[in-house]
Structure formats: structure tokens, C-alpha cells
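Multiple structures follow.
First chain A sits with chain B, and in the next complex the same chain sits with chain C.
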Partner chain A sequence: MRLTQYLASKLKNFSNLPKEYIERSKKQVYWQTPKEINYLPRTVERKRFRYTTNRSWTGQFRQQNMPGTVRRKVLVEPIEDWSFFRGDRIEVLVGKDKGKQGIVTQVIPERNWVIVEGLNWHYRKVGGEKEFPGIIIKSEAPLHVTKDIRLVDPSDLQGTDFEWRFTEEGEKVRVSLRSGRIIPIPETNNQTHDYKTPNAYIEREKDTPGAVVGEITFQPKLSTFEMDIMEEMGIKEERTPVKSYWY
Partner chain B sequence: MSSALIKCLNLAKTVGNATVRSFLAAPKQPWQSCSAAALQTPHVQMPMQMHTSAVRRDLMEFFDDKKNWSENEVKVGRAWRTEELRIKSNKELHQLWFVLLKERNMLLTMEHECNDKMEVFPSPERIDKVKISMENLETVVRERNKAYHLLETGETGERPQKAVKNAFGLQVSYKACEHALPPFMNLKWIKSRNIGYGGRAVNRFLLKYREKLYNAKRKAKNRSRNEVMMILRRNPNFDLDVLRRQFPDVNVDKLRNEDKIRGHYVPKVGV
Partner chain C sequence: MLAHRMQLWRTTNAAMAMTSAAGRFTPQASTGSRRDLYLQRITRGSSLPLAAPEKWSNLGQLRFASGGATAAGVSATKGEEFMQAVPKTELVDLPDIPAAPVPPPADGLNVMDVMNAAGEPSFASIGLGGWSPVGMVQNCLEFLHCTWDIPWWGTIAIGTLAVRTIIFPLVILAQRNSAKMNNNMPQMQMLQLKMTEARQSGNAIESARYAQEMMLFMREKGVNPLKNMVVPLAQAPLFISFFMGLRQMANAPVESMRDGGLFWFTDLTMADPFYLLPLITSATLYLTIEIGTDSARLSAANMNTMKYVLRALPIVIFPFTMNFPAAILTYWACSNFISLGQVAVLRIPSVREYFKIEKMLTHAPSALPPKKGFVGGMKESWDNMKISKEIEERQRLDEIRFAKAGKGPLVKTYKFDPTKVAKPISAEPHMRLKEPPNKQG
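Up next, the complex of A and B:
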């Protein structure tokens, strides 16, 4: 349910990792039946994960969800249209930074969280020992998207409610309810770990150039893949196969 | 029609054998050294020249470039998409398959060696990118073969499968095999075939098995119902239409009258 919702939204995966890798790195398989004819495919693995600001492919996530740890279930309200993107200007509604505005720098849709730059921070003490008090790190705590923040209207820079509507061209946009202005999705949403804009990607030695990827070399032909390769390699088949039966 | 289908299947099988044999027996073919480094992982980018790599019959081809050994991250593009592979010719798909195969072998070798030496394997998502590309390539090849067989013979040309019940009464997928004899003459196959299931023990097993499946479904439904109750308990003004769409199994309107969705406080309305 959540994966489908995540895929359908306009939110871009900043890490640019394949879905299969994210699932594989998170998976904890404790026991699995052998792939033999006399076994049914059964798996015993972890089903409940505690999602935090540590993303699910990191080692910290693995440490927080070690085998055997049982955490209380976190209730996450379903959100149909995800509406807060990286680079959005939002207004904070709770806490010591109430009323201030900031830019969203990280989106954690598994928990309906966003992290705003420079707001909602607190000091963390890490690395303390008996004779050493530890160091203090300033960390930004996440904010809940349904209760703690509000979008800012770009016409007057005030917080506003909004809804999703369609333009004449059929594009889905966020519209401020107070002024009717479209709140555009920021360009920062398209940034990933690998590039800032798609055309600013620096290609590597094993990458295929874009022109080669888009080149059309397929010619429709009445043959299977194997027949075509045989013809290409000059392999000739003169034998007539004997009749056989499939059952 | 069936005869033509069998002929195509045999031809496809012979092609596969001949291709493998020819590839192994002829190491000096020109296609082998063509564009080994290119056609690796695509990205939509500026046009540039395609570069090639020389043939090195060396075990070190199973290992990555030396300059990547101690890196924390190796940046590569994304996997090939199905629509990008559909516009490529069979020859290029054939070449790309072997490029991806070599890359996958290299990555798995590096992963194994890094695990042995307790080193960090950089960018393990490369394995998944290569795997996705290979799956998409196989999808395109199967599409083309299926289209040919459907056009020529009216059948898909793939191995026939059928859903049958095994000796315990559970449904499994039976995959047909190729035989030289027709089924009514194949006494060995007739004797080894499983026909039907029954008996008191099997019926009791099926009863318990269906109860297990029903219990799993019932628990899942109860989990959804409890989740909806907790959401309404904490958010009394939650949009009911969203809940109805997200939880189709739960009767949201009936739950509105339950005592459990009432919290311990009076919610602040309009504040």
C-alpha cells in the first residue's frame, strides 16, 4: 500500500537507489525453506521495521532494527497526495520556531516527516565516557507534515492551505486556497545524490552515452531472436527436427 | 499447427545450442571485442564517442579497476529500461547481454573478495542495477519470440504450463517436458503420472490448511480494522474518504459508532 502510494507521488527518491536494492538491504531473513521439490516456499523474516531519520539502506537503520528487537508500532496516517517536496518553503506551526519559515531539505515519507533547514533544532550529546563529557551536536528534528507545518503562498509569503487541482493542460498542481495562486514544485525536488539536474550528470567510463541509448536500431523482422542471431553469425541449420510432443 | 510449433521450438533449441557452441569455439569473432565498455549502464546525456576495451584473457577481468578498489563509492548510471531496449536490434541486445554478464561476474567476484578480506564493497547497488538490466533484456527478447510464434503458429512457443493439484490437493504449476513419444504410447510417463488425490488423511490436512489460510486472512483484516480505529481515535477529523480508499476491507461507517474510536479527551475543534 505505502509503496504504491510512494511510487504514484511526485516525490523523487533523492538517493537514486534502485527499489530492489532498498528492499534487499533492509531484508532480514531468519529462516527459509530450501528450494527443493518437496518444500513449499516459506520464509520467516522480519516484517515490522522502525523507520527513523536513518534511511533503510544504512548501517544505522540495521543497528536500530537488529534481530530480536521489538518496538512499539508507530501509527502513520495515510496521505493520498504527498504535497511537500525538497526545496519547498514552509511555515512551522509548533514548537520554539513557531511562525518561522524555512526550506525543506529532507523528506521521510515513511513517517510523514520533513526536515527543515535551520529550524526545530536541538543539541545532542554523543560519545560521552566516564571522564569525557562528550560532544554536542546541533541536530534538526523532523516535523510532521499533517500537523506541524504549512505551505507558504509565494504571492504574499504567508502560510496557507492548499489543494491539488488540474490545469487546462491536465497537469496536477498545488493551488493556494487563499489567493488561488499556483504553488510550483521546486526544482530541488529533481536533485539526487548523483546530479543536481538530469542534464548536469557527469558520465562515467562505463556509462552508455545518451545518444546511443536513444538510437533506434530495431528493424521489424519475421524471425525469433535466436534466428536473427544465427543469421548474423552465419550459422546455417539444414537439419529437419524430428516431431516431438510436449506434455 | 502443432507440428510447426514443435519445429519452431526445436529450431529455437538448436539455435541456442549452436550459438553457445559457436561462441565458445570461435574466440576471434569480431563482435566479441566490440564495445565491451560501452552499452553498460545508460543515462540520458550529451552525445559522445563510444569507446571500446581490448580483449584480455586474464583472470583479473573478474576484478574491478584497481583505482576503484579503495573507493567508498563508485558512481554509475541507472539500469537499462525496457523501452530503451525495445528500440535496439537483436545483435545489439546479444552484445549487451554479454557485457552485462561480465559486469555481473565482476561485481559478484568483488563482493565475495571484499567479504573475505573484510573490506568495504563500494556501491553494492550496482549489482541490482545490472540485474534489473538483464531482466529487462530478457523481457524484450521474450516479447519478440512470443510475437513471432503467435504470428506463425498461434501459440506462444514457451514451455506449456498448467495448474494441477498435487498428491496433497494443493495447486501447483505443472511444466510440460519434451518427449519423443506421444502421451498415449509413453507407458513410463503414464505410470509415473499423479492422477487425483484423496483419502481421509488428505481431507483432514486440507481442512486444516484452509483453516490456516482463513486465519491469516482474518488476522490481516483485524489488523486493518484496528489501524483504522487507532487513526480515528487520534485524529477524530480524519477524512473518511481517504480511509475508505486506503482500507477497502474495513467498514469505516460502522466503525464510527464504536466506543473504541473515542479518545480520553475532547478534541479542540476550530482552534
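Up next, the complex of A and C:
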């Protein structure tokens, strides 16, 4: 179970933020051996986190997983092929919004959750004090992907089961089991924090322009390394080598 | 008969007096000859009364002839009666003569209406003038030309100077605004750059926020981009009125404009034969745009493409101006020279202080965004246009793809990846499994 969870957390794509950033922001290192020659590499850090709708790079997540806090373990069913993406059209199967369709706005694979825009919401009371009743916030609760939602078939706009298949070009696609139609993966899934489309990315001072990266500067030449260095440094060989004989 | 002759004498004297007056204003021979032709026409008109009595006499003679023919068949006595009647007819002719004097006074009045103070045909008689803006321009120019006997090139120059003097306060206003805008250039350009980046990133809220910030900044500094447009907008109708008015005057043509030119372009109604006026106009227009009259320089700093368009304008205009009448080009060249003069005067520090125009600051290159060349600028604009269009389409892209997937043709799919060859199943294990029973049996 631990191995499966570890692999799943490594392989999943988190909200299109860089994986290194997510790992770094979540890390809680309590003690670590110095990087000296006479020390073995040992680290004591937090390994069990409670995942909720607060994403793992936010301050609320850190508050919920403070050092010393021990939470009851939450069992999560491992899913072989993650099949729900941001921008997908889904149908709700449970709750007061049963039968309605909506667009996925957030994906939380650590808990097998998705959040649908405008559906499955409830009111939360926040900031109450002794003399102040607090304010009411409308929040959308997450839905479980294996039990609470289904994908919508593009041909008749009804909920349907699906499976992953391959096209003639070898592309992996989701296919509706009822009608055989391909359910396309939405383009919204490719948006990141930095851009909506790769072409629209605005380069900064420290970015390397695409033209520079694509420039081919290697030119094949028949010469040894020493010859290259001498040519580069402007050294001209004028000595006559001593004759040598092989017997 | 004597009264009629007296009228003729008076008309002739008046015509001769006018001839002498015209001679004083325009001593040139060609104009004099034209005046003489016109006077000859008047003389011919005045000679009409002399012809009338002769015709009437002819009619009397015709009656006499017909009377004779009739008498041939009758006795001699009746013929004698007709012979006696002829003297009576002669007496009856006399009372018709007094009707002749009426036309000459009318001719005199017409002459006064047709002629103006300078002895030239008035614009109203040619079909020019009127109360439209173009007509008012023509009337003003005519007034200048006739009242003080100024040649046409001088009239056009003075008219241009007067108009530009009237517009001068607007020029001062625009200069103040452009000075402020230049001094606040780095901050404005930085805000504009951030707004553009936000829009390209698809962040509408950020873009609107920067737009609001830009508006507040401009209000605080008292800068208004539209004030730069005040001078062109005020000058455009005047330019068009002068242009059309002078073109009509050249096409009519106004006779005195044929000699109203200067130096090598003496005929203002024709295009310049040496193409020097079009060249001067284009060169002064280029200088005006480059030096920055009406804050064109500042505008160019903001918009790279617009700068190149403005620079190409004189070159593009030259082929058209080659065929313009010299009068129009005279006006245009005068206008450009006055603009250059204004710029030169407004650059003097004491003059700027007097008119309360701020001093222009020179910003370090690092404070301004990096400049791009012509090709780079055009490519960047094209890329920005494409990116904006793509982002706009993207909002509806998912919906369109979803609908197309449902209505398009069915796509063949496979359980396995057809691009990878499946390995054949080996039959050896089965053979091995079957061998031991055979051996045992």
C-alpha cells in the first residue's frame, strides 16, 4: 500500500505547477545529518500528511499538518489510470444536485476528489467570536471520482461508463462504452500558472529565448582536441616533429 | 434725335474713365488688352439703338413696293393717291426714336455689379464665394487681394499667417500637455507594458486593474492623450477649406491668379513646371514631422508603427502633389514654414517660461523599455495579434471540441496500441506439456 501511494504521488500532475515546487513547499524536515564526509545521509521528516481541499503548497495545508500533529490515517483507493481532468463535463450521481451536469474546476488526486463548478455546495460559517456570529461562505464540497460522478457522453449528453483505448495513431483516448464516441480531453487541462497557451508565455529577463535554444552551433571538423584549442587560442605550430621509427 | 446722341456720348465717357482706372491698378499690357476687349463689347451693345431705326425704315419701303404692285391693275388716279401718301409715312417714323435711350443705364448698372473695386470680375460672378466654409475662405482672400492690391502669393501667405495666429493658443495648450507627457513617459510606458502582458496572459482582472491604475496616474499628473489631438483636429477643417477653395479658384480660373505667382511659379493656376514647389512642400512636411510639431515626436515614441507611417507620408504624398496647382502648394509650404517657425520660437527657454510650458526632461535609456527595430516591431505586433485571437478562441475551444466529438464521424479505436507489433505466441510450452504423458503411456 505504501509503495503504491508513493508511486501515485510521484507520477501525478498537480494543478500544472512544477513538481519540485510542490515537493519543496510541502517538506517538513525535523532533523538531518550534516553533509560531511564522516556522516551517513539520514533525515528525519514528516511522511504522513492529511490531504484536504487545501492544496499542499498553501498556508492552510501547513496549518493542518503542523509539526507534532498526528492525524488518523485516511485510506485512499488506488486508481490505475486517472481519468478526470480540469474542464471535463461530468454528471453528479449523489446528493441534492443528483442528475445535474457541470464542469470540473479542480482535481485533488491525493484523495480521488474533484470539485465541480456550482454544484454540491453548502454554506460554511467562518470567523465566529463571542459577540460576533461570523459570516457565511458558500463552498463547493468535493466529489469522489469512483462513486459520485460519471463522465458525459458527447453524443447524447448522458452519463456513461468509459474505458481507455488507442486510436490508429497510437494515441490513448477515453471511449464511451455506450456509443463508442471518443470523449476528448479538454484543453483547459493544459493551462498552467504561467500561461494559458504556450505561445502566450511572456519571456522574462532570465529566460532563454526559444531561438537561442534551437540554434545549432556544432560544426563537424576533422581535428583533434589539441588542434581545436590551438586554433581557438591563435597558436600556430611551426616546429618540425622529430622523426620516429617503429620496428 | 439730339437727346439720343447725348446719351451715347455720356456712355462713351464713362467707359473711357473706367479704362483709365483699370490702367492704374494693373499696368501690365495683357490685362490692358483684356480690358479693351471688354470695353469693345460694351460699345457694340450701345450701338444697338442705331440699328433699330434702319430696320424700321426697311419695313416702310416694303409697304411702298407692295402698294405699287397693287396699283398696277387699277387706274392712274389711285396710283397718285398712293404717291401722295408716302410723305405721311415718313412723318410717322419720327416718334419711335425716343425708345432707344433705355438700355444704356441698365448696362452701366450691370458693369458696376460685375466689376469689383480692383477692376476685376468678382468671385460671385465667376461662381465662387458663398457662405460655406470654402466660400468664406474665398471671400476673405478676395477681400485681402482687392482692398490693398496685394498679389495672390502675398494674399495666400497673409491668410495662412492669420489662421495660424488664431490657432496659436491651441498650440500652446498642446505643447504644455506634450511636455507633461514626455516628463512622465517612463511610468506610463511601464504601466502600459504590464497591461499588455496581463492581457496576453489571459488575466482580465489584472489587465483591468492596470488600466485603472493608468487612468488614475494620468489624472493625477494632468496628462491627457486626447489633448495632443486638439491641434490636428482644429487645423484639419481649415486646411481642407483652404485646399478646396484654392483649387476652385485655380480651376475657375481667377484671371489675376495667372500672374499672381512668385519667382519661377508665376502662374498659380498651373502645376509647377520644375516640380520645385512639391519638393519644398514634402521636405518641409518631413521636417515638421521629424522635429515634432504638434507633439508628433512624442506620439512616435509610443507607437513604433505609427512613426514609420508618418515618416513615409511625405514620400507617398510627393507623386500626388506634383499635379496640384501652385496656389495650393504655396499655401501648404507657407503652413509648414509657419509650423517650423513656431517650433523654433517655442524652444527658446524664456518663451517657454512665459507660456508656462514645462522643461523637457531627457530620460536615461535604462528608464525606458527597450526599443525594437522596424522588422522586430512589426513581427511583435503580428504575434500579439495572433496570441490575442488564440486566447479569445480558447474560451470556446473545449465546448466546440466536445460538440464536434459527439456529432462527427465515429473514430475507430483499438484495445491495444496498433502502432506496436504484438509478439507471436510460442507453441513450445504446450508441446513440452504434452510430451510426458506420451512417454508414460
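Keep this in mind: the second predicted complex is superposed on the first by the 196 of 247 C-alpha atoms of A that agree within 3 Å, B and C clash if a C-alpha of one lies under 4 Å from a C-alpha of the other, contacts with A are read in each partner's own complex, and residues count from 1 in each chain.
Note that in this section contacts are C-beta pairs under 8 Å (C-beta built on N, C-alpha and C of every residue); 3 or more make two chains touch, one makes a residue touch a chain.
Quick caveat: nothing in here was measured; it's all calculated off a predicted structure.
Contacts of A:242 after superposition on the shared chain: chain B is touched, whereas chain C is not. When the two structures are aligned on the shared chain, A:170 is found in touch with chain C, with no touch to chain B.
In the superposition on chain A, A:89 makes contact with chain C only, not with chain B.
Within the superposed three-chain arrangement, the count of touched residues of chain A is higher for B, of the candidates chain B and chain C.
By the touch criterion defined above, A:126 reaches neither chain B nor chain C. Looking at the shared chain after the overlay, A:230 reaches chain B, while chain C stays out of its contact range. In the overlay built on the shared chain, the residue A:154 is in contact with chain C alone; chain B does not reach it.
Once the two complexes are laid over each other on the shared chain, residue contacts for A:66 go to neither chain B nor chain C. Once the two complexes are laid over each other on the shared chain, residue contacts for A:29 go to neither chain B nor chain C. Within chain A, the residues touched by chain B in the first complex and by chain C in the second are 199. Interface residues of chain C facing chain A in the complex, by the touch rule stated above, are 197, 200-202, 386-387, 390-391, 394, 397-398, 401-403, 405-407, 410-420.
Within the complex, the chain A residues that touch chain C are 87, 89, 153-157, 165-170, 172-173, 175, 180-184, 186-188, 195-197, 199-200, 202.
Residue ranges on chain B touching chain A, taken from their complex, read 3, 6-12, 14-16, 18-19, 22, 29, 31, 37-51, 75-80, 84, 86-94, 103, 124-125, 127-129, 131-132, 141, 144-145, 148-149, 151-152, 157, 159-160, 176-183, 189, 227, 230-231, 234-235, 238, 242-243, 245-246. Of all the residues in chain A, the ones that touch chain B in their complex are 1, 16-18, 20-21, 24-25, 75, 77-78, 80, 194, 198-199, 201, 203-219, 222-230, 232-233, 235, 237, 239-247.
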